[in-house]
Each structure stands twice: as structure tokens, then as C-alpha cells.
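Two complexes are shown next, each including chain A; its partner changes from chain B in the first to chain C in the second.
This part shows the complex of A and B:
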């Protein structure tokens, strides 16, 4: 008996028991459904999101009665009509969209050399430094960072004080559209670098060396080898930066001085300032639609980026 | 002898009124032992408040003395008034206990909640017998809100930026030298009505024809003003970002207390006068409702008002309050009929019904 126990240790017995339990809960005949089981949590999460969107859609079709501050029982498209005809919302939507496009372009331009150097450098010290500099901002929230810029760029901030030393009068560096774009680029840069770095890591260095040995200078190598191969990273980073910028709230609120609102700020105003949740829900739906259309366009024009969807099978 | 102690389910309106009256009398006489028939005390009550000097003043004037009197701790919830509103509305709609016991709110915002039917009636507070007409919310039945003080949206300015003397008119702000050096609330609150007058219109035309206001605000837009909330004004003055602002006098006074050289005036076109108040959301357990009412009742005592409003520098709703020394004769602390004649007061009902449109119009101009 003792020999048999040694031959079949306790932990094996436990594993057998666990396997038995697992087989009872999920019999072998269900095995083909196992991948779908794995998908279930994600589907549930997306389902919750969809439920929220359905509620928002329902609210968007109800109008506010300002004599009772209750919402109508009937459905109407009055909120959509307001959202599409009132100049305020068109101005804010246009501003958000243009800012998102500018911020995406500038961020990608700045992020690429950073990511390239971080991936290709032979110096472990430099790589660590770049990684720390990249992750440090993540430990500081967006709002704190935006307030940091107020301190640095304000009328009595460090920059204006430095300018004062050389006789330049204080100038307004914040509370304008460029300040909002600057704040967003600074906020988005780490996201873009993080999305670009894996794509650049996947490019074999030998390809660049081969291009060089065939006579290509670094510009041609960059244009004809690195850029095309880094496209999935650019697209992934671009989509992330574009959608985050389009929907940003804090940076326009803090660095815009109140007169450079984005769509998210207009949504906040409707929900919390005028108590018109119907109109706020309408604007939120339209923002979701705008973001989805933009992402769809990017995917349609350039492919799915790091998702690598649609890649031909070898 | 067994004393009668009303349970929650047996707390009738009669009993409540008796207890309230007893408490009112007791607090007036300083008799702490008169809580014989009081309902069970909660460990704390939660009062939503604005931060900074606002909550400090409330704590010093009302909350601390309430805690001393009753033993009930007061927690101040600094959630923005606009943000707590949908939470309270949702709680009442879903028959949940609301997240706060008392909301310290603008009368306009509070009126929205009253119109929606989420406020408790406060008509039976004993200390309402001693308040001025200012405490009564205009255009509403009973006391769904109790106004606790008034305030003025003054023209605050840095004297150094006005070497020829204080500004006399809102139009003075159109001087090109103030481009980028002005500030208003980001929804224009406080400025709509003086702008109507400064733009050549009449107050009687509000809300029917406010084109003069929009025209004047459009002119002001060319000055590229900053737009913000209460704390922004104090910060902007302190950091030298602005020379003048339309803001509640309390914010200007706070900046002055912090060492900023700042003054304020009520310009010739007038300045908006408004009120803030306290209200209780529906859905509280009866004992907590009772003590929340006692808090508001206490806030209406002369002693509490004096300390609270000394901190804010605002006129209260109890007769006989003494203005803070620095505000005697100040236009932001109106006490006489003549003082009030220089101020613009529009009913909460008109404001509530049109506020959304006004905010949108102001935003459309400023964001354009």
C-alpha cells in the first residue's frame, strides 16, 4: 500500500480530482465551445457598454420640460435637431475634430524618434532613462499635469519669469487653443510611444542593414523600409491618440481658459450645468458616432494597424 | 417613570412639530436638556458645500456649533452643486436614500430640484418666524428651500489697472487695454442682466428680448476674457492673470484676504443680486430628516448666521446681523432699500425656465 502511494503522489490525486470536477462542469463534448467561453467576459463587458448606450439613446430622444425638470414620456428628435443646428455645438465639434487631427499628427511625429531610439539604442542606460521618462507621466494624472503647465506657463510662471530676466514682458502662454493642443500632445506622447515601440521592435535590424549595404542612405531606408514596416504601430498609435484627443475633457477645461471647449465639455455642461440630460445624451451619442466613423475610416484606408486584421495568410 | 420615546414608525407630524418647537425654544434658550422627545440621532449628517472659504465659514458658523449642541458630527461633501444634483435626482427617482442630508445650493439650482419635486417641505422650521422676506424662495409654494443669504456679482478689479479711479460702468471693460485681462463665469451667470442694461436694453424685457445683452456680450467677447468658476477668479487675481472680473464678492474678498490688492464696485448699470439656500432631499429616514431640519433651523439662528456670514462677507436673512468691519457701507453687502435699488434681482422662476437658453447663448458667443 505504501509503495502504491509513493507511485501515485497526493498532488496527482488532487489534480485528478480537479480534472474530474472540471469535466463535470465542462464536459469534453463542449470542448469546441471553449474559445467562446473565454470570450464571455469580454462579451459581457461590451454588452454592458451596449446597455449603457441603449439607455443614452433612450434619454437622447426625450426633451426636458423646464417647468417641472422632468423628461418627456414621448420620443422626439428635438435634441438631435438642436445639436445639429445650434452654432455652439457645431463650433465645438469642429474644434474638437481639428484638434484631434493636429494632435495625432504632431504626436506621431514626436513619438516616432523617441520610440525608435528606445528600441534601437545599444546603451542599456539610455534605454532605461527613456523608459522611465516615458512611464513617469503615467504616475501623474492628466489634471495634475495640466495644472503643472499653468504653473510653468502662467503669467507669473517659470517661463515668463525667465523671459522677464531678458527684458521681455509677460505674455499669455496659456488659456488659448495652442495651449490646449500643446497640453494634449504632451499627454498623448507616452501612449503613442508605447504603441509604436512593439511595431519597431518587430522590424529586424538586418533589413535596415541590408538596405544600407545596397546603397540606400538613411532617408531612403527610413522611407522605404522602416516606415512601411512600422505602419501597424502608426495606425494603432494614431487611432488611440485620435480617439483620446477627440473625447478629452480636462485639458481643454484647464488650459483653454473656458473659451476653447471640446465636445466632452459641452456634454458636461448639458448634464451638470443646465440639467438637460437629454441633450447631453444626444451629444454623447454623436461623439461616439464621430469617433467610430473616424476609426472606421482609418481602418478602411490603412488597415487595422497593430490588430493586424486583414493580413493575408501565408 | 418611563418616558415616551417616539419610534420612527410612530413619529407623527404632531409629534415632530412638538419636538421641533421644543428644540427651537430650547436652542433659543440654550437648554441642551430639552431633547427629551428627540428621535434617534444619526452618527453624522452630510452637508454638501462649496470648498475653500465657503466651507470654512459654514463649519465655523453652523456645523461646529450644531455638533456641539447635538453631538452629531457634520461631514461636508464638497461635490460640486451641479454634480450632486443628478445624483440626488436619481436617488429620489429610484427610492434610494439620497447621498446627502442637506444641499447648500444656489437658489436657482435648488428651484430646479423643487420644481422636480425632490425637496422636503421646510415650512415647519420654528426659526422661519424670525427671518426676513429674503429667506422665502420667490415663486414657489411653501419652503422647499430656505434662502440663507444674498450675494452680489460685483465688478472686481485691481486698482493698479485703473489708475484714473474705479470703473463706473461695465462698458469700461471694453477698453482695449483689458484685452485678455478680464474674467467671467463660464456660463455667463451674473453678467447676463447687467449686460442687458449696458447694452441699452431694459430689465423688464427679460426674458422676452435680451438682444441688447447678447450684443454687449458679443462686444465683450472681442476682449478675449477668461471664463471660469469661483475658485478660478481668486487664483487668477492672485497670479496676476486678470485685471477685472464679474464675480461674487466673496471670491474677491478672499483674494484680498490673501494679500492681493483688489477692490470692487457695483457699476451704474447695476449688478446681479441672488441668493443661496439650504434644502433637504426626499427619501431620508425620518430621524435623519428630523436632524437635517434641525441643522437648517440652527443655520437660521442669529448666532450661526453672524459667524457663517462674517466669513463669507454676505448679508443674511436674520434681522440685526452686524456687517463685518471691512464691509460696512459696501455695495456688496446691501442692507438698506437704497442699496437694493442699485442691484438687479430677477425671479428664480424666470431664471430657471430660461437659464439653459441663456447659458447656451453665452457659450455660443464666447466659444465662437
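This part shows the complex of A and C:
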């Protein structure tokens, strides 16, 4: 009796019961429709997104009458003209774009050694520690973390107090561009490590040993073997970090203190401060276009990396 | 006992040939487990040595220590007379063919072969010609432009060999590179390894668990088990004069008959008693010979036993046993019989029958007689 129970475990009996229920609700002749049914939620979500985009596109073509606070009934491209000609928006766009590029480069440089150590270490304890350290920031949330940096880097913050102990006058460490970049890199690091790690795992350790036996020291092994093979990981991580940085809102808002806004902050201002939904929608569309062009450019130049899901052989 | 092999031995006798690799009292511990224990051997220049053993015998660990990927816990390894424990792999002149080949997938075949030359900063103008020469050596002339994934398994093997040899290393290491190949290709590549090794005369250490490969390719075989070297000898000696029961069992198909030693002679003759059965044999290990009253077992190869339906046919042989066929296994070039013998408690003796003339067949349940000569049975403690 005992042997029979282990040969057909309880889990299987439960599965049998569930299959019975499923068969009653969803008879076998509906089977062909099952895959489509499973796709339905995703299709609905994407559909909603498209509807939203259409609405935004519609709004972007209507101008705000500042005397009546009414939107025009007829379409015009006035909002686009404003977005492209007013210096403020160009400054904001340029600031976001340059920040996104710098943050991506710095994050990838910092993330690589972390990911490499995490993948290659022989100590399970160290690997666990690195993983936990990686996920911890996710539990805290972006806004709380940005405020945390205010406390640490503020004029009366820990860093300035420590500097005061050694006789250095308090420095302005926040509400400037480097602070925004710093906050973004710190925020993006875990994403980049998580995207890089699988790509590094896919590189057999034997290849590095082989490079060594063939006469390459670790620097040349890194340059000629590890780096080229990790390229898909770099592309995947780069695209994710680039788009997340470009569209970020909280870090520039909090660590930039309103004086170093990104595109997302400008959009927010249009929607909720000046209530010019038309112009806000225009900026939003242009941000979507800018991000798409950048990602398209990366894919065209370097391939889709890990985001190609292993379908392409670059 | 040595007589039949003297001819072979004298051909191989190399008077003071230079030693390429010396392994001296090398040990390796992993968290208190001895992966390799006190291993020692010398390898003269230009010879092909195979380290043979089951998985977990420490053979790969020993090879990785010679390559420099691991540092011995004790002892020292010398290459061309120099202690190398402190020398990192990329500063040793060693070409290695890895188990999974470890070809660089982002490079072409030619780029893979050129890699060690580039890493050693050889004159860039000479590299293409040299790469092509080595690709031709492994019979891949003209394939240089192919990507690794465009090559077949056998071609990839050849690229890996060319890459390991192109910089003319002092030593070639083979870490079971043929293990994953199908049998036909594996046997073809074994002969390729031997041809290339002889053509270049490069000192080679090969690691394998495949006894056939070891016998086919090697000048010398080191048999390892549980981290210890069991025997180092030429293939023919390893096969015909195994030093202990492990070697006798690991290489070839060997039957063991356990008993008690009754008589030992100066000449190396020894008899063991099993029940009422007295079996004559030779001392297997002269260094560690059995004494009267010891528990010992006689080892007899499956191919050295004759099988007959009637006892008279085996009258010229020293030992005879009666038994019943319990199974027949047809392996193509030979028939394997399993015979249960009443005199040794119905233990099963395996016999190869590859008599091309008679084609005598025995069926399951048939009564047969087994016979062999005393000099073919080695007695081990």
C-alpha cells in the first residue's frame, strides 16, 4: 500500500482532479483555441496601450487656448513646432539624452565585474551575498532610495559631516547634474547586472582556461574572449539601462531638485502644472520616438543581443 | 615471465633519453579528500603517455596540475627540468585539447589556430602561412574561413588539435577530447592523434577512461585508481602483465577466482585452492607476492579460456573446469559465453569464442568444459 502511494504521488492525483475539472469547463474540441486564449490578456494589454497612444496622438494635435483653457477642435502641429523650437525643451532633451548615454556607459562598466564575480565565484556564500545585495534595492523603491541619497549627501548629510571632521568645508553634493547621474547609475546597476549575468553564464569557463593555456594573460583573455562573447549581454543590458534612464522621472526630480529636469519631468509639468495636455502629449510622443530610434539604432548596429532570445547568430 | 616481451622492451629501451616531464610525489587534496596521492613518473621527450582510469580516479586532476590550472598540495612537477608550480598556465609552453574542445565560437577556424601565435606575439607576417600549414597537418587545408559552428564534430576536433600544436609547445595535453564522439569517429581520431604525434614528435599526455584508446595510441600507460598510480608500463605489458587485480580488471575482460594460496615456488609458480579445486598460476605482482595461506584470487582473461563440448579436446591445457552455459552474447566479431561452474560455487566465468574455423555454437543450458594454461592465470593478493 505504501509502495503504491509513492508510485502515484498525491501531487499527481491533484493534477488528475484539476485536469478533470478543466475538461468539464473547456472540452477537448475547444483545444485548438487554447493558445489564443492564453495570448488574450497580453493582446488586451497591448491593445489598451495602443488606444492610449492614439489618444495621446490626438491630444498632441490640439492647442490650448490660454484665455479660455479650452482645447481647439481642429488639428494643428503647433505643439510640435513649440517642442522643437523652444530652447527649454531642447535643453531638457539634450540633458536627458546625454545623461542616458553616460549612465549606460558607466553602469555597464560597473556592472560587468559584479556580474562576472557573481557568475564565476566558487564560493556559494559569496554568490548568495552578491545576489541579495543586488535585490535589496528593489525592495526599497526608487523614490525612497532617492530621498535616502538626499539624507546622505545633503548639506548636513553624513558625507559632509564626515568631511567636516577632517576639516573640509561642506560641499554641495546634491541638486546638480552629477548627483542625478550618480543616482541613476546606482538605480540602474542591478538591472544591468541581472541582464549581464545570464550572458556570462553562457560563456564556458573552459574557454577562459583554453585562452590561458594558449598564452593569453587575463587582460588579453578578457579582451579577446570574454568581452566579445559577452556582447549579447552588453547589448541587452545597455538597451534596458538606456531606455530606463532616458525616461526616468524620480531621480532627476529628487536629486536634481527641479533644476535638472529630464523629458519625463517636463511632460509632468505640462500635464499637471500648466495643464497643457496637448503639449504634454506632444513631448510624450517625441520621447517615445526618441527611445524607439535609439533602440532601433542599437539593434541595427549591434544586433538584438540577449533580447533576440537566441534566435539570431550575430 | 618477462621472456615473451623482451623484444618489445629492447626496441623501446632508450638509453638516457631526455626527460620532458617529471611528476614527483604529487598530491592534491580537495577539502581533505585526496584526489591525487603521491603520484610520481618520468616522461621522456617525444613519447605519448596515456593516463587511464575510471571517473574519479584523479587522472584529470593530475593533468590539470601539469597544465597549471591547479597547484599541487604536495610534491612538484618539472617540465624540461624546471619546477613549474609557480608558473601560470599562459607562461608554460603547453598545448591543450580540452574535453569540450573550448574553441572560440566568435572566431573562424583560422582565427582559432592563429590565436596562440597572436598571444605569443609572433611576427604577424608569418602567421597566415603557419596557420595554413597546421590546418593542412590536420587535413583541414582550405577550411580556415569556416566558423566553428559550420564545422562537423570531427573537423572541430582537428581545429582544436591544430590550435594546440601551432605554437610548437614543449608538451601536448589531451583531456579526453574524444569522449563525446561516436565510436567510428573516435577510432579514426585516435589514429589521427597517433599520426600527428609521430609526425611532430611532440611529447604528449593523454587522459582517458577508454582502455582501447589507451592501448591503441600510447607508448606508455599510467593506470590510476582512487588517486593512486597503479601501474606505469607499455600497453602490451599493461595488458599482459597487470600489476594488480585493479589493472587486470579495468583493462580487458577478466575472470577472478578467489581461493587460498597453497604453494609458492621460487620460479613464480603459485597454486590456489578453491573448495576441492586446485588451480595453478603465476605470481601477478613479484614486488608483493602472496604467501602460503593468504587469500588470493586468480585472474584469467576471457580470451585465454578455451571452450569445448567434450573434455578430451582440452587435454593439452593445464586447468579444466566443467560448467553450464547460462547466457550467450553475440558481439559480431566474437561470441561471449557466460558459463556457471559448479566447482566454484556456480560463479559465472566469461569466455570469448572467436574461432573463425569451427563456428561451434553452444546453447544456453548446454554442458561445456573450460580450459586454460597455468601461465595465463595471474594470482593477486
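Throughout what follows, the second predicted complex is superposed on the first by the 267 of 314 C-alpha atoms of A that agree within 3 Å, B and C clash if a C-alpha of one lies under 4 Å from a C-alpha of the other, contacts with A are read in each partner's own complex, and residues count from 1 in each chain.
Please note the rule applied: a contact is a pair of C-beta atoms (placed from the backbone, for glycine too) under 8 Å apart; a residue touches a chain by one contact, two chains touch by 3 or more.
All of these numbers come straight from a predicted model, not from anything done at the bench.
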Clash-or-fit label for the pair chain B, chain C on chain A: fit
Residue contacts on chain A - larger count, chain B or chain C: B
Chain B versus chain C as contact partner of A:207, first or second or both or neither: second
Chain B versus chain C as contact partner of A:81, first or second or both or neither: neither
Touched partner set for A:272, first chain B, second chain C, both or neither: first
Contacts of A:225 with chain B and chain C, given as first, second, both or neither: second
Touched partner set for A:13, first chain B, second chain C, both or neither: neither
First, second, both or neither for A:128, with chain B first and chain C second: neither
Nearest-approach distance, in Å, of chain C Cα atoms to those of chain B in the combined model: 47
Residues on chain A engaged by chain C in the complex (per definition of touch): 204, 206-207, 209-217, 220, 224-225, 228-229, 313
Residue ranges of chain B touching chain A (in the complex, touch as defined): 80, 82-83, 85-86, 112-113, 115-117, 180, 186-187, 224-228, 239-241, 352-356, 359-360, 363-364, 366-368
Complex interface listing, chain C residues touching chain A: 67-69, 88-90, 92, 94-96, 98-100, 102-106, 115-116, 119-120, 149, 163-164, 167, 173
Residue ranges of chain A in contact with chain B within the complex: 64, 66-70, 86-88, 91-92, 95, 154-156, 170, 172, 175, 257-261, 266, 269, 271-277
